[in-house]
Amino acid sequence: MSQPPILVVTTGGTIDKQYFDALSEYQIAESVIEKLLKVSRVTHPFRVVELMRKDSLELTDEDRALVKATITAAPETHVVVTHGTDTMTETAKVLADIAGKTIVLTGALAPARFAESDAPFNLGMAFACCQAAQPGVWITMNGSVFDGLKVRKDRAAGKFSEI
Amino acid sequence: MSQPPILVVTTGGTIDKQYFDALSEYQIAESVIEKLLKVSRVTHPFRVVELMRKDSLELTDEDRALVKATITAAPETHVVVTHGTDTMTETAKVLADIAGKTIVLTGALAPARFAESDAPFNLGMAFACCQAAQPGVWITMNGSVFDGLKVRKDRAAGKFSEI
Amino acid sequence: MSQPPILVVTTGGTIDKQYFDALSEYQIAESVIEKLLKVSRVTHPFRVVELMRKDSLELTDEDRALVKATITAAPETHVVVTHGTDTMTETAKVLADIAGKTIVLTGALAPARFAESDAPFNLGMAFACCQAAQPGVWITMNGSVFDGLKVRKDRAAGKFSEI
Amino acid sequence: MSQPPILVVTTGGTIDKQYFDALSEYQIAESVIEKLLKVSRVTHPFRVVELMRKDSLELTDEDRALVKATITAAPETHVVVTHGTDTMTETAKVLADIAGKTIVLTGALAPARFAESDAPFNLGMAFACCQAAQPGVWITMNGSVFDGLKVRKDRAAGKFSEI
């Protein structure tokens, strides 16, 4: 397996959530994905496109069309999309008819800036999955590689499950 | 893709390295792999076998035979092995003739107990790779999925590269 | 200096802020102050009273009277109060007429659960200040020991300053 | 209490301990004390002098004389010394006859680079103690402010105790 360059498209979601003091409103500037990849000593070729910074409940059809167009137009055939968890499966459906690319959506249930977060593990899963899996759309959450069209978020249990 | 149970075999290495004060010698008891999987909110079925706690430079032929026998005898066909990085490729060679199992070796260049470590990302890669890749032996380090027989550790650069 | 027992009164504020996923609403149960003191290897005698869990903008006169009554009634003469930063100085004024006790208010500008937070440093300052300073009310934030009656939060700058 | 500038003298010890891979020997360049103070949002005026990087068991009489000379010659009257824990009390004795300065020694039982370390709490204690305590030599470890001449490290228990 050669080392194909990976495109990372960020759309926002809990993984990138920052803390704003009620009145003081500070903002941490450094991009969390770039930092995570550096801490994880990733030397694999990659390119990060910070496309939007939205809660996934606020994503519109136009937003999803933009994600799809960005991936379709990119030269990379291996793609990671960081995304809020609540509508991740809806975006998966939109991306499902992109042919010849391995696309993996992932996110986090706790912000990456927390000391204890699932973000680095999930991002690692996505990096491996987009290299090892067949073309199509996949979701990596809770330690599992899911077919992106056969998974749902179980909100009560706070985890993803097969359907 | 159903959710096949994963066997995690730990052999030691930098990923599990602990700090011992020169004279006081304290030891942190909690297993770092179990903690990492919990923090990463892994609900995928898995089983951890803490087989040995060795620097990989100290692993003997007998140790490698034991790792092989453990994996061969296990009911799981998807296997993650945490391992010191210096002789990870030697163990990969020994495991290469186990048929019908997807085996992924991973480790870390900085101890998992450090605030900034590649351990959670690498472990995430291994979890995804053993689910998504074909049977065989793989190594996940530095953001890449490597064929376990076509990779070496570049000690000067502190990273793994294809050969 | 003997080792006088310390009373820690928690009132809430950013230091204890937890993350709730918009729809899934998970809650981290473990108390952050107890954990911080354990990680910091504190063997000094202390007692934690979790009095309330409020944003400091929501604290009422009755709440402040309760904090005052709790400290007044306690046998300890060395007291740490964790508190939201926005109205910390108002509570300091209420506590100022408690005689014969060294009371230190502190908090955090970033939640203690973040990987990068001022919480452990600030709590350490408060522990030392309540042992080393004269009776009265003090605030420890941003690396400074402030007279609790001569300090204000500079919201624009996101820090405390002398007045 | 005005905001007197603080001199921070680093001598090494566990607090600054870095991890070196057995063969690859990487080194993390960024100074841990500066980073800790930044993460802790310290705006109090301070100056860091990285004087030496030694395990405290390797400190010689000449090293201690250099620490003393550095503090004596400095314009600051409030001083924090980060130091290995094993011979911290010996250095305290050497510094005890510096007149008119409040000097606080501190360190850590777990490296600051660990996710779970006593370093930020201890450094916070030292910052507060050197502002709030009388001139003299103090040690802040395990949540206590100790008279620097009346404390010992209990190696078996892994903590400091009064004598």
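To keep things simple, chains are lettered A, B, C and D as they appear, and every chain counts its residues starting from 1.
By definition in this document, contacts are C-beta pairs under 8 Å (C-beta built on N, C-alpha and C of every residue); 3 or more make two chains touch, one makes a residue touch a chain.
A quick note: this is a predicted structure, and the numbers were derived from the prediction, not measured.
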{"item": "Neighbouring chains shared between subunit B and subunit D, ordered by label", "value": "none"}
{"item": "Numbering shared by both copies at the subunit B-subunit A contact, with half separating same from different", "value": "same"}
{"item": "Remotest chain, subunit C as reference, centres from CA atoms", "value": "B"}
{"item": "Euclidean distance of C-alpha centroids - subunit A vs subunit D, Å", "value": "42"}
{"item": "Approximate Å spacing (C-alpha centroids) for the pair subunit A, subunit B", "value": "24"}
{"item": "Computed distance of Cα centres, subunit C from subunit A, in Å", "value": "37"}
{"item": "Junction residues of subunit C, two or more chains touched", "value": "109-110, 115-116, 158"}
{"item": "All touching chain pairs, where touch follows the definition stated at the start", "value": "A-B, A-C, B-D, C-D"}
{"item": "Residues of subunit A touching subunit B in the complex", "value": "1-3, 6, 36-37, 39-44, 46, 109-110, 115-118, 120-129, 131-133, 138, 140, 142-147, 158-159, 162"}
{"item": "Subunit D contact footprint on subunit B (complex, rising order)", "value": "14, 17, 19, 21-24, 26, 55, 57, 85-86, 109-111, 113-116, 155-156, 158"}
